[in-house]
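The following pair of complexes shares a single chain, chain A, combined with chain B in the former and chain C in the latter.
Moving on to the complex of A and B:
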């Protein structure tokens, strides 16, 4: 990999032309500009320009109290709002020296996995529209509806759940939740298996995705990506296994990997991870201890001791990290968000070099980036 | 990645002892606050050698580069380095003077340092020497030179 792969270095020669994709392009939710220098149908150089919806969140957070930041972490990426809440709360718990209750740990794992399922479903749905497989988009959005309803029943909102709290969660499960969830997830499991069959056997779809946009394990490591694009290349890297937080060390699950690292494998990893997440949720519902779901006194006004923490989580898209520096006041001195989509987006231009223009949509969408989080 | 078996053996806290032995006057204030985290201060002029050493020891994933502003006289560049085969995250902090903040680029060691360095540059004004493409990433081009995440930033356009 060379650094020249991230930008267009020279004006196009007479045999080449410059193609702008974006900033408004239906490839991904949110605006970005992808400049391609093409020769015939082949991409010679690519450059990604971001920042169209830069919100300055890190600066905003320095001017908010710790509890005011909590709902804002949802807005980093609405599809991963539960993970963002959780990684922030775990960081704060470490700074404050408190521990969530046992039941709260299970509840957080449960909502994190539901969040992963709905994120993957929408990710695959958007991707299938980009490869022209519109039927699958309708199916994915239909399936996602039931998962979002399960999240809504616990958290009270369909997006931006704002569920985790310092030392616990906002509320307990509603009555009859286990039966409702098992019924809904059992149905989802069957549907995902049939969608997986459909996608693995459709010859046109296979032609479109097999061997396209291949990222080997070595390249993926050098590019610094994590999450499904890395696991699709065969690297067994999952923070739930590597650095078990909450109660992941008490749960049984497999880290899904594939070997090819192409567009097909990346989507396959997400499909199989949905099944694995359902399995984790079923265990959570069985094993969940009774008891309080939050601390007796939730510390709303907090002045953590001066110090710093770097907490990270296996987000639906990869490794989400938050680096919080406290100076002893009620606001963070520095709040750094290390997003997974930022790392994935950076790896896109080198991946496009040498591919065809017709494959750009498939490759870009299979990385499942989120502009809101890239720009922050 | 390569020789993963060999890498797993060194992905633990002993790397911090090795690091301070190898660079005795450069690495200071080594702290291990929890089993998976280690913190150290480093001399900014030796950041390149230290990162190359860590990469050779199996720390093949640069998680993040952040800037931190400590007015009136210093700024910090904070590196989070970790590995694809172990849970240890090493936090390395390099202090740079606030009136002329600059530090060596890591782009030739970790490919993905590029965007993190550009982001730190546009938000703090810290120059990364030899970074191949050091210009604004998230901000509009007119805002280059504003350094909005510095603590004394007054807003854009500058009200004074």
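Moving on to the complex of A and C:
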């Protein structure tokens, strides 16, 4: 595997064929074009072309007030909308020099972990259907429903939550939430364990995934890949632990790592992270202090002091960062998003070289990239 | 029950009268053929419905539940109307005659197989009459040969569509079938060796004391796996793997042309289930030890076939898909040696038994 070979340089030989996977293809979470030069079923060269749904979000943000940007951050990737809200708000809090209330910190951790669970569940689900395991996809989506309902009960919406605020959150927990969440998550824990058993004991599944699409720690580092693909390669890298934001330093959890870095490990990391997230949520519900969930005075018109800030978060898919430069007006001077999915997407073509056409589905889905975020 | 059995016997006697005039009136055979084709056609429809419902149960969803009441029994009719009214598209790059011919060949191969499937054996006045459109001495060999025609259909569709996905699917299918027709054939030979006949009717009669699934379990396993590959169901559906090849060889088909191709596939699965019932599960014989409980043989046959179809659906719900190179590995490195071993076993047992 070489990282230079990410472009198709020469026309196909008589024994080879160019296969354009996309921009519309059942394997894809969103439109992108994957050009494969194949010889029989073996992939010789691969090239990724993105930009089909480019939304120009960074430029749009520079033309919006800080408050107007907040709901738009949801739309970067709908599966990670809570993390995106949170990372933006933490950046702005640093610029504005305010601190979220203690209860709000716990609420944000709680929703972030719920968001991680539902993103992982859908990620695994899409992946399992890509290896032809339709039943597991439907199980995962069923399990995800309960988590989305938990999120809906707090935030009021199922996908684009728009929950975090500068210095707080939008609403408090509804009454009786703790019992509801514990019951639902307890059930989820059992189900995830049983699905994990089902997947790790299936010999066809193991054959399809073990040793396929191995991304080593070094290569992942070079490409800027973080999150589950990096941890699957054995690197203990998790911003929740390395740079504890909100209240993660008061919570007990393990950073899940695997050693192989193949398709199997990446999915295993996600499955185990779901269990770990449930553990974090249980602690949050226990330890959550009472008190205000937002600032007394919400800063509706925000004109932060000139300055710049980079805030980052452990997104479900990796490291999400936002770089905001303020020039003292009510709009950012420059807004830059460092998305995790962009890094995982660019890691894809080199991983494909030498594998089979059938592995494209397994590898691409196990990276759990998000076209919406890649083309933000 | 008594009247029911009488009614059945009455119908069968009528059939026998018709059978005995076969040589005189070829049109009778034609009518019977039409009836049997209709029945198997209906069987395939039932399988499609059963698959949607039973797979739904496995996947904790409901399945069809709107058209035709709570159980969605008319869903298939609605789907058929939809398919008939869709635009028939032949891609500009397609090889027109291959493209049009493929679903026809697929369906024809399925119907040719139906011709020799016996549904029951009637003994009237000491004479044996097989309830089949055609009773051949080499019917099992004929089945194997005719089922091979379906490979041409998929390759015709793959090449004729002018699409790269279809082409890959066609290649995959040929590669897969070269590997899997062999163990399938060897398993059939093992059965024939034990029964001392290539005639399905006699193979079933030989199982009246002992089903061949018990006499040669290895053969059954090999045959079942090879059959799954033959009819292209999960875990061997590489030719239409959606996430890899969009819809495989059927990518460019639309409307009723696609419907025919899709239907041919289910027809093959139903016929496959019939074959496995006939040569391994005792066909129209009742259960071992219990006997046939005075229930007509055709019902035993159909009940067992439905069980096999349920097994197909269950396998589909429970397993992911193999990669094509792994499929071929299994065919050549596992199934063929096992099939040969089973042939040896069945030869020895067959000698002792006979």
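Here are a few things to note about the model shown:
In the analysis below, the second predicted complex is superposed on the first by the 372 of 376 C-alpha atoms of A that agree within 3 Å, B and C clash if a C-alpha of one lies under 4 Å from a C-alpha of the other, contacts with A are read in each partner's own complex, and residues count from 1 in each chain.
Note that contacts are C-beta pairs under 8 Å (C-beta built on N, C-alpha and C of every residue); 3 or more make two chains touch, one makes a residue touch a chain.
As the structure is a computational prediction, the values presented were derived from the model and not from experiment.
Three-chain overlay on chain A, with chain B and chain C fitting side by side and no clash. Within the superposed three-chain model, A:185 lies out of touch with both chain B and chain C [touch as defined at top]. Of the two partner chains placed by the overlay, only chain C lies in contact with A:142; chain B stays clear of it.
In the superposition on chain A, contact is made by A:325 with chain B only, not with chain C.
By the touch criterion defined above, A:360 reaches chain C but does not reach chain B.
Look at A:92: by the touch rule set out above, it reaches neither chain B nor chain C. By the touch criterion stated above, A:133 is placed in contact with chain C alone, chain B being left untouched. Within the superposed three-chain model, A:343 lies in touch with chain B and out of touch with chain C [touch as defined at top].
When chain A is checked against chain B and against chain C, the one touching more of its residues turns out to be B. Superposing both complexes on chain A places the Cα centres of chain B and chain C at an angle of 130° as seen from the Cα centre of chain A, in steps of 10. Of all C-alpha pairs linking chain B and chain C after the chain A fit, the shortest spans 25 Å.
In the complex of the two chains, the chain A residues touching chain B come out as 1, 3-4, 6-7, 50-51, 54, 56, 58-59, 94, 217-218, 221-224, 226, 230, 235, 237, 239, 242-243, 308, 310, 312, 319, 321, 323, 325, 333-334, 336, 338, 342-343, 346-347, 375-376.
By the touch criterion stated above, chain B contacts chain A in their complex at residues 1-2, 34, 36-37, 39, 60-64, 66, 68-69, 78, 80, 84-87, 89, 91, 107, 110-112, 114-115, 123, 132-133, 136-140, 148-149, 153. Note for the complex: chain C touches chain A at residues 58-61, 164-165, 168, 171-172, 234-235, 237-238, 241-246, 317-326. Considering their complex, residues 17, 19, 25-27, 40-41, 128-136, 138-139, 142, 202, 204-205, 207-208, 356-361, 365 of chain A touch chain C.
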